[in-house]
C-alpha cells in the first residue's frame, strides 16, 4: 500500500547528524534508527538497544545492550562498533547533535552487542537525549567517504546528504529536496513481524500553502497530512473517507516580557519600565481570555495553559497549569495599583509562520490587552525575522513556543529561566536574573537524587509562577488528517513513524 | 544592427550589475541567516564562528564583489537552508518553472493574440464585448485568489485536476519534464491558466487596441481600395503591423510571467524557482535569493534582446543603415 | 464698445464639460455611467467609513473575540450578537472591516498612483521637452525599471525599508512603503506616455509661439504642454489605480502588505482564503466581491475612458 | 535702412547616427546643410517672400530670423542687433518684442486648452504688460467678434483660427512678422480673406513681412521682393515683376513652368526632371546641376556666386 | 451612351451624429466617360472625398449611402453585397489617396503589395504577377523597376511612392480611377510629373478618372470636365473651359476671383465673405445664399434646382443675369 504523505516543510538534509530539526528527524526516523525511540504515548521503546540502565557501581556509566540480528539496508550487520562510531560522529564539530550529548565523554563497545556510555557526571536523563541520535554503518560510511558530518552551514554536500543506509523500516528510493521523497518498505527489517508495517511505499510531498494542503487532502490526493489548519478539521472530517485525529502536543505557547530593563524602547512611558512591576505582568495575564482564544482562534484545538511546560514534562503539575485566570476588572485594578490606571502602549513581536495561528493569537491578545487600557502595536513577521529579536534581546514583549524533547523541566530552565549567558539562558529575553535560582538550575544536571531534584524543580517553578515570568497561553493540540484507510494515533512529538501505520 | 545589439548588451550588463547590487543589498536587511541555521541549542560562540565562516562580517562591498565574482562563474554560493550549491538547486528547479512559464506564455500569446484580433475585427459584436468584459474580471482579481478558486472548483469540488505538484515527471539528462506523462500534463493545466490569465488579458487588450489603431491607417484603407480579401488585410497587413509594438510588451510580459510564477508556484506547490525564492525569503537564504534575482534579470535581459532582434526581422525600416534626415 | 465687454457671457468650464463630446458619449454609455456610480459609491463608503461602519475594526479594544466566525445575519452562539455580513476570525464585523479595508486599499492605490503620476509626469515632461542626455538617462532608468517585475521591486523596497526604518515605526511604515513600492514600479508608463505626448506637442506650433515670446521652458512645460498631455495620463491613472489595488492585495498575500490589525482588502482576502474550505465563506467572499467590484468598475471606467479619449478611435 | 540684414546665413544640422553605430559601420558624422550661405536684406514696411520646394530651407531661415534657431554661421541682424550674439538683455528684449511669427498650421498653433483671450494676450502678459481689453480690440481688428475672446480654439474654423494667430502676433505691437506658409492650409476663398487682412494690417500698422510660401501665385500677389531657395541656397532674388517675366535661373524657370496655371487648359507642361537630391549629400557645384537642362561642366565643379544682374540677383554661372 | 463608365444618380450620403443626421453629400449626379478626367473641386469639407468613397464603397461607418444610384459600366453597384463590392475594388475601380507615405504598408515590399493585388484579381501565376509588377512599375516611370521591386516603401522618395501607389491602383487595369488629392502632399515639380502621368495613363488606356482636388490650377490643366461642390451639393458641372472662364454659379465665380492671378497685380483679392456652413447648419434653400451677393427670396426658400440647360445649380445663373 502506498502512503501519500504531506506536510508544510521538508527535511533539510538526510545526514543523521547534520541538523537537529523536527521535520528532518521525522524523515530520518523512517530509515534510520536510534538506540531508543519514543512510542506514541511518549514512553521509551527499545529500538536498536534492547535494554539500558546506569551501571550499578558507577552512576557515570550507562550500559546499553544492543539488538542482535539487525542488518543495514545494504545487508551489513549491525554491531556495537557502529554505535561507537555513530556517537563519535555525532560529537564532531560540524554535528548539530553535539550539545545533546555534551555530557558524554566516552562510548565504548563491550562485546559485539553491548556498549557503555560514560558521562562527565551522573546523568539521570541521558536516555531522553538519545531518541533522535541515529546509528549509521561504520563500514558504509567509511567506504563512501562520509565519516565527517556534512558541513551544513558551509554548504558541503556529502554522500550521506542524499543517500541513506540505515537499519530502519523504510529504504530511500528517490529524493528531490522540497519536492518529493519516495521510500519503500525494508523487507529485511528486524521488526517486520513486530510492527504493522503495512505501508509498502511512502511518497512524501511538502506543501506550503495551507489552503492547497487542505485541498489536496479534500480531493483525495493525500492519505496523510500533518500541519493541518485548525479551521479545516471539520471540513476534512466531514468528507467521506477522511478523518482527523488529535492529541495534545509537546509544545506550549506563551508571551515573554522584558522586565529587566530600566526603560523600554517600544513603550510610551518615559524613564520607567511598566513590565518590571509584577502587578502589571499579572494584570496582563489576567486580561488574556484563554478560553476565547481556544474557542475561536484555535477552534478548540488547544488547552489553556497556566505554566510554560507541556504536561509531558517532569515538573509539570495540574495545579500550576490551572493557575492562570481571566478577570478584566481585577486586572484593571492591579494596573491602577501599579500606577498605570491609564494604561500604556507597547509593541508586541509575533511570528506569523511558526506556530498554529500564531498571528491570530497575537491579534486576539492585542484586543484583550486593549480592554484593560494597554495599547499594543502588533508587529507580526516571519520566524526568520522574529527569532533574532528574542535571541538578541531586542524585544520587550514577544511570543514564543517551547517544546521539551527531553521531557524534563531542566531543559526549560536552561533556556528560558537561567540568566542570559553565552552558553545558557540563551532564549531568556525577559531580563530576569536571579543568582540563587541560577545555581539551583545548574545543579539539576548532575543531581542523581531524583526526589531532591524534583523538589528543586518545584521550587524553581514556584518562582517562575509567582514572578509571572511569562504569560502562558496554551498547549498546542496536534492534528493529523488521514484517509480512513490509515490507522495510526497521533504522536505528541509530531513524529509519525510509519512502521506503526496500518492500512486497509 | 550590430551597434544596436552591442548597445543593448552593454545596457543589459549594467542592468544586471544594478539588479545584483540592489538584490544583494536588500538581503542584508531581510533577516539574519544565522538564526535560522542554528537550532534552539546554539550558543553565542557558534554564532560568531558561523558569521566568520560565511564572511558575513566582511565589508559590504567586499561581499558584493565576491558575490559577483562567483556569479560570473555560475557560482552563487551555497544555500543556507539546503546546504547545497545554489547553482545545483537552480538547475534542478528551473525546468519546472520554465515548463510552466512556457505553457503559460504559449497560452497567453496564442489566446491573447487570437482574442485580441477577434475583438478588434468584430469590434461591436456581442461575443467580442463579452470577451472584453470577462477578461476584465481576470485582471480585477488577484492571481492567488484565482488559483485558489480554480483549485476549489476543479480539484476539490469536481475532482478533475490535481491541486498541487507536477504529477509524474520524466528525467531526461538534467532536465525533468512533465510533458511526457498524462499526469504531468494534467498537473500543468490549472497552474498555467492561473499564471497565463493575466498576461493573456494584457496581450489581448493590447493587440486589440493596436489592431484598431492599425486598421484605421491609410494603408489599410488603401488595401481595401485595392479589393484585397478581408483575411489578407486583417492578418497579412494589419496583424503584422500590430505586432511591432505588441512584441515589446509581450517581451516584458514573458519576463513578468517568470516573476509572477512566485505566486502561482506557492499556491500550487509547483516545485520551481519561484517557490524556491519564497522559501528562501522566509528562511533568509541570501545566496538563493540573490541567485534567483540574477536569474530573473538574465532571463529578462535575454528576452528583451531577442525581442529587439525580432524587430529587425519584422520591420524593414529598422534595417536601413542610412543616416536619417527626415 | 468696451463697456459691453464685461457683459459678455462666458461659458463656464462646467457648462463646457456638459456640452463636450466626452460627456455626451459618457451619458450614452451605460457601462461608463454604472461604473462611475459604483466607483463613487465605493469611494464615498470608504471615505465615510467611520460614519457608516457599525464598529471600528481597527480599534482592537472594542473587539470581542467570542464574536468570531459569526455567520451573516445569524446570531453568535456565545454572545448572541448578529452581524450583517458576519464576523471574521477575530470577531470583527466583516461589513465594517470591508469599509475600513477599502479605505486602506483605496488610500494605498490612490496615493501610489498619484506618486507614480507626479514622478512619471515630471520625468516624462522633462525628458520629452529637454531631450539630449537628460532624456537618455531618464529613459534608460525607465528601461531598467521595466526589466524588473513590479512585485520584485515591491518586495525589494519592502525589504530595504523594513531594514532601515526603526522598529517602532514599522506599523505606520508598512502603508507608506506599499505606496512607495507600488508607485515606484508604476511611474515608467506615465513617463513614457507623457514623454511621447510631449514629443508630439513640443513640435506643435503653439509651443514655438510661446518660445518665441521668451517663455521659460518651465512655464512652457507646465502651462502649455502639461494640460495637453493629461488625457492619456488620466486613462493610465485609472487603469493603474485598479492595478495598484490588486498589487496591494498580491503583496499582502506574499506577506509584505498592510498589517493584520489594520487590514486592507487584500489582507482580508488573504485571511479569508484560509477559510475557503472550512465553511466560513463570508470571510473570503465579501471582501473578494468588494475588491472585484472596485477593481472591475475602475477598470471598466478606464477602458471606456481610453476609447473615449483616443481621438483616433472615435 | 533695411530692417533685416542676413549675411552668409548657414545652418547645419547634425543628423549623424549615434557614436557606436558610426564606429561599427565606419561612417563619418553626417551633416545636413539646411541653409547654406544665404544673404538678403529686407526693407522696412516691405514684404519679402521666400519660395522654394519642400526642404529648401524656408522654415529654417524663418526660425533663425525670429531667434528660434541659432545660425551655425553667418548672422541675422534686426535693426542692427544680432540676436544670437547680443549681450545687452534690454536690447534683446526690445527686438524680441518687435518680432512675431505666424505659422502654417492654424490647428496646431493655438493651445487647445487656452481661451482665445489668454492666447492673444500671452505675448504681452509674458512680459508683464497690462492687457485689459486688448484681446477684444485685436479680435475686432482681425475681423472677428469681441465675444469670441471667451471661446476655445476648437470652436473656430481654420480661417478664423489663422485670424486669431494674427491677432496674437499683433498683440505685442511688432515691427516684423515672419509668416511661415500662413495660408497653405486654407481654402482659396479663405486664403483670399487672410491675404487681404494681412495686406490691410501691413498698411495700418506699418508692418514688415517675411512671407514664406511654396505657392508662387500667393508670393507674386503679396511680395515686394522674392527670394527663390533651392537645397538651402538662395538661387535668385528679384521683384515679382522681374522674376515672373525676366526669369534668370533655370530652377526658377522650371518652377514657373511646373506650377499649374489658371489659364492653362489642357496644357502639357514641360516636365521637370528628377527630384530634389538628398540634402545630406548635395551635388557638387551648383546644387541644381543634375536637373538643369543647360548645365555645363563648370556647373558641376563650382558653386555659383550670387551675381547682381540689374535689379535681379542670381546664383547661376550661365544666367545673363 | 455606351462609353459611360461611371454614372451617379441622385447620390446622397448620410451620417447620423449627435445633433441629427448630416448629409455630407446631397443629391449629386454626374457621369464619367471612358478616357475622360472629371475634376471635382470644392473647399475642404465640401464632400468631395465622401463622394469618392461612396463610389468605391469605402465609406467609414457611420457614414452610409442614403439615396441614389451608382452605375459602373452599366451595372448598378451601390447595392452590392460586401463580397461582391470587394471584388470590384481594385479590379474595376482603382483608388489613389492623398498621402503616398501612409498609403503603403511599411512592412511589405512594394513587389509584394503589387503581386498580392494582381493575384487577388487576375487569374495569373505568381511569376507572371511578378513580371507584371515590374512592368507596372516601369510604366509609372520608376527607373530600374526590376531591381527596385523588392524595396520597401521607406526607401522611396515621396514622388516615387506616389508613382507606386498609382501603379498599385492600376495594376488590375480598372476602368475607373478615383484619385483623391493625389498631389496635395507633393511639391509643384513632382505634382506636374504625377499629373502628367495620370493624364497619360488615362489617355493610353481609356481609363475614366475622377480627380478630386481643391487646386483650381490642377483642374484647369488636367481635367476635361469639372464638378464644383459646395456643402455637399453640386454647384456647377460642365466642361472645364466653360465652367472656369464663364462661371454661372456665384460661388464658382467667387472662387475664381479669389485666386490670386498674375493679371490682377497687387489689387485686393475678391473675397467671399463668411465660410462654408457646417454640415449640421446648412441653410434652407440654396446652401450658398447667405454668402451670395445675388441671393433673392427664392434662393432662401426653394431648394437648389438640378443642373439643367447651363451648367450651374442656381436659380439665377450669372449668364442669365448678364443677359437680362
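To keep things simple, chains are lettered A, B, C, D and E as they appear, and every chain counts its residues starting from 1.
Note that in this section a contact is a pair of C-beta atoms (placed from the backbone, for glycine too) under 8 Å apart; a residue touches a chain by one contact, two chains touch by 3 or more.
For each chain, UniProt lists the protein as follows: B, C = Peptide ABC transporter permease protein; D, E = Peptide ABC transporter ATP-binding protein.
Note that this is a predicted model, so its numbers are computed, not measured.
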Touching chain D and also chain E, the following chains: B
A-C or B-D - the one linked by more C-beta pairs in contact: A-C
I'd like to verify one number: the distance from the centre of chain A to the centre of chain E, where each centre is the average of its C-alpha atoms, in whole angstrom. 91
Between chain A and chain D, what is the gap in Å from one C-alpha centre to the other? 89
Between the Cα centroids of chain C and chain D the separation in whole angstrom comes to 49
Chain centres from averaged Cα atoms put chain A and chain B apart, in whole Å, by 40
For chain C, residues that touch 2 or more chains besides their own: 273, 276-277
Multi-partner residues of chain D (each touching 2 or more other chains): none
Among all residues of chain E, which ones touch two or more of the remaining chains? none
Can you work out from the touch definition every pair of chains that touches here? A-B, A-C, B-C, B-D, B-E, C-D, D-E
In the complex formed with chain D, which residues of chain B make contact? 2-4, 6-7, 321, 323-325
Looking at the complex, which residues from chain C come into contact with chain D? 1-2, 4-5, 8-11, 16, 204-206, 208-215, 219, 224, 227-228
Chain C-facing residues of chain A, complex: 210-211, 214-215, 218, 229, 231-232, 234-235, 265-266, 289, 292-293, 295-297, 347, 352, 359-360, 363-364, 366-368, 370-371, 375-380, 382, 394
Chain C touches which residues of chain D in the complex? 63, 66-68, 93, 96-97, 99-101, 103-105, 108-113, 119, 122-123, 126-127, 133, 136, 140, 146-147, 149-152, 165, 168, 172
Residues of chain D touching chain B in their complex? 13, 15-18, 20-21, 23-25, 27, 30, 32, 278-280
